[in-house]
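Everything below concerns the one structure shown next.
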């Protein structure tokens, strides 16, 4: 039958994706060998932002919901790790796990109520939740160090390797990022991904049509929220150990908005978009901070900030579907996979 | 959950129908949107294997009734029983898992995926794999995918559109979209199929094809509820007909009886 | 609690409520006409404050300073619409929202360029002194804050409710197709709404500078305050914004007086969460009209 020829051509689509992942992993693993420490630190940032952004893409691009408060989940991971390792001498890996569990647990608890809202109001409540988190952290000075934050967070240690050097952190972040990418791609290409897209009104889906097919729309939304919260928390924990310092300003609205920007600019249609978006925004930031002072002297940061804003505006105007649209259908081909 | 023990008579044969043969029982259902009363104490029962046709002028509340059965609207007054379950307390996706599915008036195919994937979504109730096994690509998830792909293809063949499997639904004609929507609904494996104005916008040969499909489904044991406001098409199909006018049930019987019913004729002529 | 403290809290609350309301209204003007969320609203406020300070320090009297600030801010608003939002008019609301964020960065950069990192301040308008009233202190600027906000509210009600232009603006958001058939130029109306919001924001900036100082990066927290006020009350009605602003201001001031540390800041977003969960469209909103 016709179908079987289709099935076999689909297998090659899956193999192609696997090969791309492998290639990507290879490239990312060899990059640090060729560049100095400063770009490595920037690449660590790209990796961390990408992890959070993949969660945002799953939440926004697939489940069709919005969050402009994800900095809170990033912060839960970061502060849990910071507090448990500095005040209570927990193992960093245990703290990371606990942070992720806490993040996921909170997401599960609030998700059901949250998703009674849609669109603008949903965005509003996520904003408010981020604000609550931020102000609580600022106020609980005994626990969190308040507005000054916590310092001297111990580095991650694994099997004798001390991750205080960016070089090693780079590998850890990117290995985790690629594993998360693989998991998310599998999810996206599976029946779960299909189901998500079916209930996403922004992606040609319909909640009503999904419901009458037996899909528990709310449950899926909550599960994706939990997953994205776990991703963000993991990134946050690693961030705490990498930066050795946490302070509340990092986990505020600008961060939440930034990951949404990265998701949109990268492309909401595929988890690959996270790397494109994070790479673009951080690449631009690094480029501007390195290059611009050579050409233009002035108040530190002023021209870079202006250029940053202009580039963001241009990118959104010219690539409304994100960078991933430049790669055509290759990464976003919606075919059933076997 | 048991229905009350009052015996129901099959509308067509007037023979008593045992309660366990009743698939669906609608009891005194009323519905208002604000001050507008859309349904007024509608009651009827559907034995298993029937094709019930609900007709009536536009605005008579027919679509609302279907949505109450499938759960897209919440019951305000009255009760609906399906396979001995009370539907008033159950969310729509749970109602679907009990065995009811609906083909919406505007079908609402998912435009971000191919035709076959649309139908695979319909197989949702047949999958076992969850987030974890899908994300880790465990053998169970992969086996699931194979299985539902085959199932989806068989439903698509049933409606005769297998050559369109990998295309995008927006490229299909309206009639073809309806058929794909039907295939998607059938993929759920439901016992009760609700069709909301399925014939609207179809060409004559498409109408014939749809009728053949419906009869075939009935032979396979499905129970079907069709809502329409065109009448001539349906008289060949249904064995049980209910007429609604301004939210009230004004007649019930066989197609012949309905066609001769004066009150029905008045209702149709009266509303122009 | 003794009377002077309670009175102080009340005055604080009125002050804060007026600020919240004024910020929310600027946000509301654009949303009610275009259904767009303008996250750059706080930047207009910042611009208004910074510009007013600069002009004033140059020796220009207060009112002309503010007027100039309003005009320049209005131009910025027009620029935002014409060059950034209008080209993206077919894009998703989310993209348009993110475009305003791009504008935020750019404007902050410009502000940084012109004024640097410093905080700027103004004396209270016309050097109004502090008043002691029954044991409570009223800062000189507070009556101006409340007064200007009142004028703003009355002015907006009059404009939107009574004038043809105002009604045309409202029609755009509620019924764009109908408005077009009546000959209303939607794009022109959108442009006006941006100019208006920018101008209003500038006035707000001038009026709060004596109280809170201004710097290039203060925009975000002001935008957030405006968003909270607008959402709590019900974003598609002006009365909602006013109610929301006043309610938030009063409750936050009360909390600040009674609760230690920074916990009072949790009140405003906390209230929004509760309101959204109980009444998803805000306290006064008309259901069904928010997307």
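General observations
Order as written gives the chain letters A, B and C; numbering starts at 1 within each chain.
Definition applied: a residue touches a chain if its C-beta (ideal position, glycine included) is under 8 Å from a C-beta of that chain, and two chains touch if they have at least 3 such contacts.
All values reported here derive from a predicted model rather than from experimental measurement.
The set of chains touching subunit A and also touching subunit B is empty. With chains reduced to the mean position of their C-alpha atoms, the one farthest from subunit C is B. Centrality by C-alpha centroid: the chain sitting nearest the overall protein C-alpha mean is A. Distance from the subunit A centre to the subunit B centre is 42 Å, each centre being the mean of its Cα atoms. Taking each chain's centre as the mean of its C-alpha atoms, subunit A lies 32 Å from subunit C. The mean-CA centres of subunit B and subunit C are about 51 angstrom from one another, to the nearest whole unit.
Counting partner chains per residue, subunit C has no residue touching two or more of them.
By the touch criterion given at the top, residues 1-3, 6-7, 183-184, 186-187, 190-195, 197-198, 200, 203-206, 208-217, 223, 227, 334-338 of subunit A touch subunit B in their complex. Residues of subunit C that touch subunit A in their complex: 37, 39, 84, 87-88, 91-92, 94-95, 98-99, 101-110, 112-113, 116-117, 220, 224, 227-228, 231, 235, 261-263, 265-266, 268-270, 272-273, 276-277, 280-281, 290-291.
Note for the complex: subunit A touches subunit C at residues 66, 113, 116-121, 123-125, 127-129, 131-132, 135-136, 138-139, 141, 146-147, 202, 253-254, 257, 260-261, 264, 298-299, 301-310, 312-313, 316-317, 320. Per the touch definition, subunit B reaches subunit A in the complex via residues 70-72, 91-94, 96-97, 100-102, 104, 107-114, 116-118, 120-125, 127, 129-131, 134-137, 141-142, 144-146, 148-149, 153, 162-163, 165-166, 184-185, 187-188.
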